[in-house]
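The following pair of complexes shares a single chain, chain A, combined with chain B in the former and chain C in the latter.
What follows is the complex of A and B.
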């Protein structure tokens, strides 16, 4: 019994740590309706500034906190001024992509400045421990709890009772109306980003001290857990974020207690999905509260797509079809193979995210389902590879749609977060379901691609195969978009209430979109499995999902040609920047930011 | 680089590839250009730290090789391509190296998904993939161009089990392992050996690489009532577990795999890693000349920095590459064959390394039983802790 007390205390302690990030995220979401993917990077910057202050400058703790808070706030203000403010009149999804780009840039800057080696960040508090239950807690636990709760309370009071706080809430409710009432919206945004960044920086430093360890990989994890905690508490709800964090910590801790350590994150993400499905506005939303997402689909604003004449498309297809006949290196061909595989994934995502408005952040799960199905079919049941890949596509369509269906009733950001969680869940199930997936050992010796008994092993033949599959999928999708189905999809995206009023069954059409998209992604994963010959649970990770979304936004949401152009660009750019070695991801991030800045509707526009 | 690709590339068949290799041999014979090795590894992304450590080890070995006159009078150099340990990028890099006639063999990648996804390309392209950190049991099964000096876990884990069970006298063990292909394989070998030596495994817990918080895991460990904790971890997560174990009041003996052997383990773990036992392949006071040369050279080149296990793997790998290229010249197939001929290459990890031609791996890793005393790794004196 005493163990349960310990699990509870441990859950609260780690929930404490999540709360620091979640509060910052909640604040920004509350005002800008934006999941700030750069919050984790600010947390990282804060940790390293803290390291400089403590280890190099030997500042005492209060001064360290002030220095970190001030510098992180400056970073936040810079992000707001130069990264996000120019985008405020563009599509709502553009700032989301911008924060992803900013987080690339910040993470890379920290890595280049401080090297990727982890560093020790010594705690400046006395090393005394208090016995609680079977374990102990230290002064840092108390400080973290204090900072988390105090900041949440202060923010709550600030939002409720101060004039600027009212302005913040007014802006959150209706930006245009707030502006008409004379609220300086930019000043409000500045204040919010400054506060959130200061908090993010301090939390990175405190967590670094807590573990006596900081490294450049901590940013993405912090964002993921922070987002989960924030949404559980109710997006934009600051005190809710604290409670959500504690709850998340508890669920993880009890999950470990009952099932073991490797199931830990599974419970975190299951909690998220359950909360989203049962109480989409978070645990603490009152029933009367208006949904935080707008009723109509302003998440994806319409824009005029770039019309590409048919002859140009045919010419481009023709040129890429005969590309291997020219003296190009296998390296170039392989890069294009990667682009075509990513293209299939992007086609899938552009359909569900762009055409029907379900912005998925867990699309790599569909790749993984397709890849594992195809690999296992060909290895365990000796199914010919060509058929196995199709089997992978079908399984991905069926299983993917079934998994995502609970989130059909959600809107806007909530779909993204639910799919993010589903993606993580699939990856963790693959890791833990050892009897089928061989767990972390992965599946090796997957036979190479073959078609009608002929093995496709030269890059040239794989190039043609993947290109042909992608073109067929693209043509099918183009046909689909032109049919009454495509019109219904777009109607649902643009105004789901109007669509329903016209008698469209939302769930049925969303399922159809995911079935088609799931098939394309599953085929892509299947081909990749046979191409790589080895896959494990890390092959198709969150970064892939984020990359796919970036491609889709870059190309133009719902735009079939745009998805392919975006894939070529985002596979090609990092390869082109190889000459820049360690700097290439930095350059990639900057290019991404510039593209969002000047083409927020995507290169080819939303369809 | 790309213009060379284009000029020399005859596309299509394997036969054409061989023609490319032949062309490169002819070109090499005349030129005084360095002999180039391709390295595919992470310089950015979540594993970037390991790529950085590889570079340190490579550069030290290359300095020494150059100082000793190079390879038959020619310089040895490498071209490091950043893969982020991502299979999508490592396959592109593989095609790049295979079609670059200047590259005579390849080293890396770091993670199994990235390395083993590229293996078919190296195998078909006839370029040796020398994976010196690839402990996945299936890595060298990718073909006869896959060679590895990674310490086989079938070799290492029984040594650790012997240290924990026979030497330290632990009877009830809690095993915490990274839930990756490496950690999982290691755990299985360790468990098997420990049971043979008569110990009982009371609990095993696998954790993911991004995990930071182990308190709840440690409650499970405590409730299983072990007399020792076995860490199959890297240095950063190993240090975190040790710290949190001491914080929650677990006082059991901790015994860790060689992958924690790094000055960073001491820095990150602080007082908590005092008295932690580590089974390693070498130690600073090791009288073996290759170890002394490595450590002294490393400290000198990197301003007093202490080398760690990954530096040593990379240093050994580069020396092995030099030995192989000395025999095989600049011909890719001859280099593959040279792996079967190369004998007794001085090695920090193995003493002397010779490949077992059947498995394409090296057997017989050295063993040193260390313990952390006063914030330093020291040879264990046999005293209980």
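What follows is the complex of A and C.
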């Protein structure tokens, strides 16, 4: 059972599954230079359609595959037509954010329709195993291999011999030239999204059958794995994606063989980070390529920030400062405390994603580092809580920056992948490093907030504390933006090549931005740990990263006041309208999509 | 001051810059002309560190600078503008030009190893008198530089660069390069997309800079301007240097005429249609 041959076969089979996802990503990246973060959601949709077909409609296997492929393709076409095509002429950040939003909306829709509980997806194949050499192989393995190979052949024939396939290849090579030659880019995009979605959907179904289990967490994992495979193979390189996938499958499988199952994902993300650092164009990239000159200022939308008069800001601060003196309910205070904590995270993210243009998708990891540091300092070393929180901020600044530094040489969408992966690595390390983090059990009994020996237990005192901390962080950040660092950060965001040509070191300034932002996020996480009194590796998750990103876009990228206004709005409005928790993430996703489409500069404008 | 030896850059099968030799003396202005795709911009990228040569050497003020990073080269005093115009769209005119002065920041950017960046962060937040004074001085210098463009930029000093006209963005780029106090200035088609009046203004400005003793490498399609300004002209075609010498001589060189005719377009006409 545990023979090397078995691990090899398993690696290749899993690699085959990844390939179905990665090839779609590569096709899409090829024609539109976009990393489709919604690819995993289509995979999820495919798995659930497969479940409906098999369990409820009792379709035979060939029909199941066709149904899944066709329905997933339709989802892909809808995404292309309504989610991305309207953004064709907008700034580069727009389609990236849109696919993130779409992914959250799709995942939530699946979760709301089918409930988050895992389901079994029977494979409809006889449960036998054949001896091959020293290992065994089952009919499902053969099916997956067969689907993989057939898809590869079909795709090859399509790209090589059909007119549309030729158009896809032409567009991938040089979009402008292809358009000049009369290629209909919309049709090419449609074709590519349709194919990518069909492959992704079938892949989700096969994985569901392979493990005989499907659940909504599959989506993010699939996106990550597909992206890892694609980047390893070289973004946009279709054969490279296949090889990258098989390699990833094998690395994971051997890694599991040596170190155990809980390390599977860690290997995938480490492989990604290593490849991004050493060979950012993938393992098979030809000669080093200078990026073609992009037009300036196209990453974020140009906008004029709304100038809020000083007196209005002072008045608003004053009103919120004295709010607890009025007879407000505990519930209202609690809501605002949540808003202030989110506000600190949003301040951090608006600096990193907005001011210096590194759209981080793993920002919750900074919360986690701050929270664990502060909790462990106060529990294990009896550090006073006030100091422990600051220690959490400092640790988040230092460790967060060090972890994210491999992504500093990356640009645009790659940064988002790298930060997403680094966020996952942090949560996996927390899960596996039991001697320090207490692993899956989590940390309980974290002492409550206290300041100079006084415990802050009443909601009023917690409100004031978190509000004051947030205001101090906001003032500091405002001061930073007014310094030469503010303009240097923004220059790097607007055009990193021109910035380098004027002596701005990207490593230095991206580090400084992450140090400053990491501190704010770490403090937020630290305070949260002492408020919750219990944390584990799932307390700070990707949903929080996405929520913070939505806040940042809503408030206006880089906009300090916007980050706070956005936090109050996104925490407060759902409470005001008593929206049930399970619908909130759906709403955040929809808000993100609407903003990207109709008000990319947010409420208060990009700074 | 600047010398290139056998500088070569290949992109796949295409040799964009093919064994180029060039010597530029202090205070000299050399123009590089040639049809589109000749490799002129790539040559600039090689000199400024944005791209690395496959072969050959670049030396500047006697030192070998081949393959150094653009940040280092900016600190060495090499300033450039970009053909397509790369202003920082969301920064004001003032901030754009201040970025040009970045390598000259001292008070806020102490040259301390290891903790230097942290000191920079601290100083940026605390802003002691020395830092404020330095910033004030630079702002005054920026205003003086902008004044060279008459009333074109000064009234728009607080406007974001994306809101400027095309010609004004080109001017901001040149102002940014001047704020570096460059020892060597590389201008990549500074008049592209400008009308005759604006071109004439630009020509006057470049002539002034030259008169002030600045060493300049100029890529330009408008031959009239090239003839007026250049001490020497270098003609490139398909990556190679096909002619070099005083403007009048080069202009009548049959190889040069052939290069332009052979591509079916005069540089100027092509530039206008591209703009």
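Just so we're on the same page, the second predicted complex is superposed on the first by the 513 of 607 C-alpha atoms of A that agree within 3 Å, B and C clash if a C-alpha of one lies under 4 Å from a C-alpha of the other, contacts with A are read in each partner's own complex, and residues count from 1 in each chain.
Keep in mind that, in the parts below, contacts are C-beta pairs under 8 Å (C-beta built on N, C-alpha and C of every residue); 3 or more make two chains touch, one makes a residue touch a chain.
Small disclaimer: the values here were computed from a predicted structure and weren't measured.
Residue contacts after overlaying the shared chain place A:80 against neither chain B nor chain C.
In the superposed pair of complexes, A:502 makes contact with chain C only, with no contact to chain B.
Touching more residues of chain A than its counterpart among chain B and chain C is B. Of the two partner chains, chain C is the only one that A:494 touches; chain B does not reach it.
Once chain A of one complex is fitted onto chain A of the other, the partner contacts of A:424 are absent, as it touches neither chain B nor chain C.
In the superposition on chain A, contact is made by A:512 with chain C only, not with chain B. Of the two partner chains, neither chain B nor chain C is touched by A:230.
Note for the complex: chain A touches chain B at residues 3, 6-7, 10-11, 13-14, 17, 108, 111, 115-120, 122, 129, 131, 134-136, 138, 211-213, 215-218, 220-221, 252-253, 256-257, 260-262, 264-265, 324, 327-335, 338, 341-342, 431, 439-442, 444-445, 448, 457-460, 528, 531-536, 538-539, 543, 571, 574-575, 578, 581-582, 584-585. Note for the complex: chain A touches chain C at residues 286-290, 293, 295-298, 300, 302-304, 476, 479-480, 483-485, 487-488, 490-491, 493-495, 497-505, 508, 511-512, 515-516, 606-607.
Put simply, chain C touches chain A in their complex at residues 10-12, 45, 48-52, 69-71, 74-75, 79-80, 82-91, 95-96, 98-100, 102-103, 105, 108, 117-118, 120-121, 124-125, 127, 135, 160-163, 176, 180. The touching residues of chain B, counted against chain A in their complex, run 2, 5-6, 9, 11-13, 43-46, 48-49, 51-53, 80-82, 84, 86-89, 91-92, 94-96, 98-99, 111-113, 116-117, 119-121, 124-125, 136, 138, 141-142, 176, 179-181, 183-185, 205-208, 210-217, 219-220, 222-223, 236, 239-240, 243, 247-249, 264, 267-270.
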